[in-house]
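Sending over a structure as structure tokens; questions will come in a sec.
Letters A, B, C, D, E and F mark the chains as written, and numbering starts fresh at 1 in each.
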Amino acid sequence: MTWASHLPIIVVLIPLLTAYITPMLGWMDKRICNPLVIVSTSFAFIASLLLARSVLTRGVISYHMGGFAPPFGIALVVDYFGAYMCIVISFLTLMAAIYSREYIAKELHESKTAPYYTLLMLMTGGMMGASVTGDLFNMFVFFEILSISSYALVAITGKKVAILASYKYLLLGAIGTSFTLVGIAYLYILTGTLNMADLSVRLASLYGVGRSSWTLLVALAFFMVGYSIKAALFPLHTWLPDAHSMAPSSISAVLSGILIKVGALALIRVLFNIFQPEFVVETIPVTSMISWMAAVAIIVGSLFAISQVDLKRMLAYSSVAHIGFIILGVGLATGYGTTGGILHIFNHAMAKGCLFLCAGAIIYKTGLRNIDDLAGLGNKMPFTMAAFTIAALSMIGIPPTAGFISKFYLGLGALETGTWSGWVFIGAILLGSLLTAIFYMRVINNIYFKEPLHREDVQRDETPLGMLIPILILAGGCVIFGIFPRIPLSLAEPAAKLLLGI
Amino acid sequence: MKIIPSIFILFIGVMLAAAVAGMPEFGDPNSPANTHIVPYYRENSLEETGVTEIVTSIVVSYRGYDTFGEVTVIFTAGTGVIALLGRK
Amino acid sequence: MVNFGFLLGHYNYWAVVVLFLIGLYAMIVKKNLIKKFMGLNIMDTSIFLFYISMGDVEGGVSPIIAHGGGSDVIYVNPLPSVLILTAIVVAISTTALALSLIIKIYEEYGTLDSDRLVELM
Amino acid sequence: MIWGPDIFILAILVVLAIAAVISRDLLVATVIFSGYSLLMAVAYVQLNSPDVGFTEAAVGAGVTTVLFILTIARTARMEEDGS
Amino acid sequence: MSESLFGEDVIVRTIARLVAPFIQLFGLYVLMHGHVSPGGGFQAGVIIASSFILLALALGLPESKERFKKTIRLPMESSGPLIFALIGVTCILAGGYYLQYGIAFLFPPAVVSAILISAVEIGIGITVLAMIVTIFYAMAGD
Amino acid sequence: MEIYSIRPILAVVIPFICALLIAVTGEKNRDLREFWTLAASVLGCMVVISMFPHIYSGGKYIFTVAQIVPGVELGFRVDAFGMFFAFLSSFLWIVTSVYSIGYMRALKEHAQTRYYFCFAACIASAVGIALAGNLLTLFVFYEILTMSAFPLVMHEETSAALDAGKKYLAYTLSGGALVLFGMAMTYTLTGTLTFASHGFLAGHGSEQLLKMLFVIFILGFGVKAAIIPLHSWLPSAMVAPTPVSALLHAVAVVNAGIFGIVRVVTNVYGIELVADLGLLLPLAIVASITIIFGSIFALAQDNLKRMLAYSTVSQLSYIILGAALLSPSSLSGGVAHIAHQGFMKITLFFCAGAILVQTGKKNLSEMHGIGHRMPLTMIGFTIGALGMIGAPPICGFISKWYLGLGALEAGHPIFTAVLMASTLLNTAYFIPPIYNAFFKEPEGDLIESREASWWLLGPILLCALISLIFGMVPMIPYTPLQLARTFLGV
């Protein structure tokens, strides 16, 4: 076997191995943690790229853990979607890691540096593991790694509100965990297997057969609820605004940027990899149900975001709306729609990551969180604010930023359904982006067009370079991938086609 | 005010009951869960892993990767508790 | 109309459902944070019981080959046990983290009542 | 049909669970919960899963209980009034 | 919880001191016999950890911590997953899949497999032991 | 003959690069910054001109950047009509740049870097709209234009300006959303968005659907084209600095809307299809209503710039009317009016700006006798205003003449009547200010005021002169009318 065939496990191992040695190294010298994490995420990113290349050239990769052929052993299955997620995850984590260097030094107590990086790497490893696995129970295990580390990371500042936010997240997350466990049990009792590919084959004979189809439906419902909680799909999003706004900003960026998308990944896996598309689309219209829910999420999330005064909270509610965009695309179950949803995972990760990092930079420099207090920052931190503006435009979906491309694909997907509900969905998409414009424009207005409260605030006082670089890279990505959308689409499109079986 | 959660719980209960109705009988040796993969373990685990206890053999070899994840989970939880409460 | 055979044939599944609902009730309705997580543990153990139940086979013995019996010995399904070993670790990990959070919450807010916490937030 | 864990055990489990949930004294609830876990372990063993039974006895009845008690020791023992 | 739960009761302290090694021994037994009887690394780790918990309850936290220092716990915490991962990587380097124990590496595959499985079990045990004790100490406070 | 060339993208990218240079230079070195502005305008215009000979001889330039969806690229395809609009925008930009520098310096405006940056971005995207090879590319630049014009509307940072900015965004983004919807619909129906000489929608979709789609497009682009009742952002946007009002809100932005409508009519639907669907008459009626009501609203204004804004609303619909009537004369009149209106309206706005700079007056009622103090400015104003009315020998007359002729050709003389009515209304609101300016005595502060600097005066006179030339000798080559006729092949 060539070394390249081991890439599926390598992308998981790199962050996890880093996590295991970080506490010991951090104990010796805290300054080692950050470079170590940066180097390891860079390697993970490179490995993900190689993995994607290998998937593109060789097709879906199946890796037999321990040499046992599935379904007897655990298999890692990397399809286009999994490879795509790996790239997004490692890229955004790399950005967060670079950003953390200076941000964490100020934000966190020294004694928490090593746990912070350990948990960050565990979370990354968990997300990677959940993305590449082809085993239902294994996905559950890796979901727990990422969930538990994210609960801890939300509360790591030890601030009063953060702890409560983390608690709320944990409570709902634990319910979600239990629900997915029940779902797994039901599928297992019906089929006797946990391997996704095997499940989908064996479940196909059970659709609509007697009473066991009830069990099947309940299993599906429990999976939907369980993973919707992790993905923060409306109406199970209630934990998100608190958790994402109270976490350290570098973590918020990762949480909002990719963690909830891993929940979406799990939903996609359950819908299309375990249950067959024809079952969830036609036999029982689960996908159209979640599309409706997602449409509501878009509108409601945006409306809530409009009423926020806290910048990070507003961003968090915006994530609720945008996970709606992603799930809507997935639920449309059409070529363009699902491609758009998957593409939006990447585009939203970059834009929201950038926004949260900018919010963190604002807090780092000025301590301000309230949107109305941000007046005059356009002069004070021009580069940060320019990046913020670009990312905000990407969220709204203004061309030539990346957000436009996904919005366009989602619109095409909605029309592709050819039903009246498609018209409603495209209405929701367009209305959602207009509502998004309202609350981002409010911030931009404050930044650029309002007199600062204090005259001395207008002195230029840019974010430190170490924090500025990831912000600018992400903002640049928003533009570059808007002009050259083929780059992410080269993975997103086959991913959607493979999932839908078209 | 306790009505809404109660209805929710009742609803979950109904769903669970419906699911139970569709399951193979308790202890049925011919249920899919007992006939699909498990016989392979019974027959091959000893020679493939050299462990007489099938549970352990599955834990460390067939599903060793899960166990790896499991150890990582407890490592995560420990790190999380340390991050919250400090290392004492 | 009631099929007793059907009801009884699933009797510990019914117990699982009841325990699950008790746990869920505690998690959702109970105001005390510690109680909520006791509920979580009850809920989780009920799921574990469910897994173990579905792995059990009539007349089976625990899956240790050293029992010496020939090929006619029926072993119970070992796979649910394996899964549950992992799930127990997950449950204890979640509980440990939750309880540390609860300790911190009490330090900061001086109460563990979820209604009062919402007011204080 | 087999009668693996006595239907009694299941009934007592349900009773213990309810008792643990409704008890206002958290320490009492924890002790009841400990008993519940132990009984659950017995049920697992009866269902021919000694591994899980063993683990549940050590973790559920042991470690989890200890952690609950520690938490109660550092917070409040009684549930507050709902008012 | 700096004080013992049972005050200065001599009987409790003595019994705890006496019992703890036996619990630890039992834990080791469980660890070693994991492949023939119920039990394994995880259960063993929990059992040995409970001996330290018992010591802490009987003798007070400081004395318990004295026996199980932070500097020892810290590497122990990481060792389990680290051993796991490194064994996996070794398997890859030896030309197999990740965690494919049956590889020829100095010894015949069957022997290597047995050694590696034991190593994994020990690693799990060590981590669980250290982590549970650490969680216990952290939650017990000063 | 189609040539694959980098020129179209250069025409867009050079101004963008200059915009970035402006932003980087910043407030520290004002001369350099303003040099970049001028350089951007001149270079942009030169690139556009360099494409002229080939286009004039009936060729096309194409360039593709990247594929967005299968069959649709981010790409350029320069044809005669696009060339016409690109040239108009980029040429007027040079004039406006000169004027801007004088204006901004005289008023010592704040945030000038932002102003010049956004201005350059605006024009670059207007050129991008003009050169776009498909609906998607057009939309991309359309939205960039929306966003980059937004800071210019809010430039004053007063509460009125903030409100105007919000209103502007609400209107234009909603319009953009509709266009996006229409675009997605079109793509779903046909699988392409590339402009074709005779449209590409024929034969796709039911008649009902196509009609509805047409309405969506008209509503979407109509926002920027300020069709009544979608016009109300335009008068509010007049709080922007005068050069912005002059170039963007009288020429570039609003014409982008018009351009979009014309593109949809000619290159997406194709004239035949639109005619078959019976959509032209309603469009013409909407345009007529806008013409009449725009003028009526203008009558009621005292603020000079708001009056001009309503005049713009009214005049833009001449173009739509020309397209909707679809006779050779009306089309050439309409297309020519894009340029004619641009030159005349920009003259008028420049005058308004010059008056503001010199006297600080914004309202017509305060400008009595200003003709005595600022004669050159007011002569320019008079030329522009007479052109608007349609009096010979100014270019407005030419386009109106052809439009009227076109209405008769098309067999709808009623629209000739609309044009007449509009002329009367125009007279009613343009003549009194001119009369007051020249035949009343200046009072108050006006006594002290003088003619503006040559930075401001030069562009005014140049534009007035050009309007005059286009009107007096419309038959010489390369006037808008002749270009329009050449392009349309009539």
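A few points about this structure:
Here, a contact is a pair of C-beta atoms (placed from the backbone, for glycine too) under 8 Å apart; a residue touches a chain by one contact, two chains touch by 3 or more.
Since the structure is predicted, the reported quantities are computational estimates derived from the model, not experimental observations.
Here the chain-to-chain distance from subunit C to subunit E, counted in touching steps, is 1. Between subunit E and subunit F, the least number of touch steps comes to 2.
Averaging Cα atoms per chain gives one point for each, and the point farthest from that of subunit E is the centre of F. At the far end from subunit C, in terms of centres built from Cα atoms, lies F. By number of C-beta pairs in contact, A-B leads over the other of A-C and A-B. Remark: subunit B and subunit C have CA centroids separated by 10 Å (rounded to whole angstrom).
With centres defined as mean CA coordinates, subunit F is found 70 Å away from subunit C. A straight line joining the Cα centres of subunit D and subunit F is 77 Å long. Along subunit B, residues 16, 20-21, 23, 25-27, 31, 33-34, 37-38, 41, 48, 52-53, 55-56, 59, 61, 63-67, 69-70, 72-78, 80-82, 84-87 each make contact with two or more other chains. Within subunit C, contacts with two or more other chains are made by residues 9, 11-12, 20, 24-25, 53-60, 62-64, 66, 79-81, 83, 85-86, 89-90, 92-94, 96-97, 99-104. Counting partner chains per residue, subunit D shows two or more touched chains at residues 1-2, 4, 49-51, 55, 59, 63, 67, 70-71, 74. Across the complex, subunit B is touched by residues 34-38, 40, 42, 65, 70, 77-78, 80-81, 84-85, 88, 98-99, 101-102, 110, 113-114, 117, 120-121, 123-124, 127-128, 130-132, 134-135, 137-142 of subunit E. Subunit A contributes residues 16, 19-20, 23, 65-66, 68, 71-74, 111-112, 115-116, 118-119, 122, 125-126, 129, 135, 137-138, 141-142, 144-145, 148-149, 151-153, 155-156, 158, 163, 182, 186, 188-193, 202, 210-219, 221-222 to its touches with subunit B in the complex.
Within the complex, the subunit A residues that touch subunit E are 1, 6, 9, 13, 16-17, 20-21, 23-24, 27, 63-67. Interface residues of subunit B facing subunit A in the complex, by the touch rule stated above, are 15-16, 18-24, 31-38, 40-41, 48, 61-66, 69-70, 72-73, 75-77, 79-84, 86-87.
Considering their complex, residues 62, 64, 66, 85, 89, 96, 99-100, 103 of subunit C touch subunit E.
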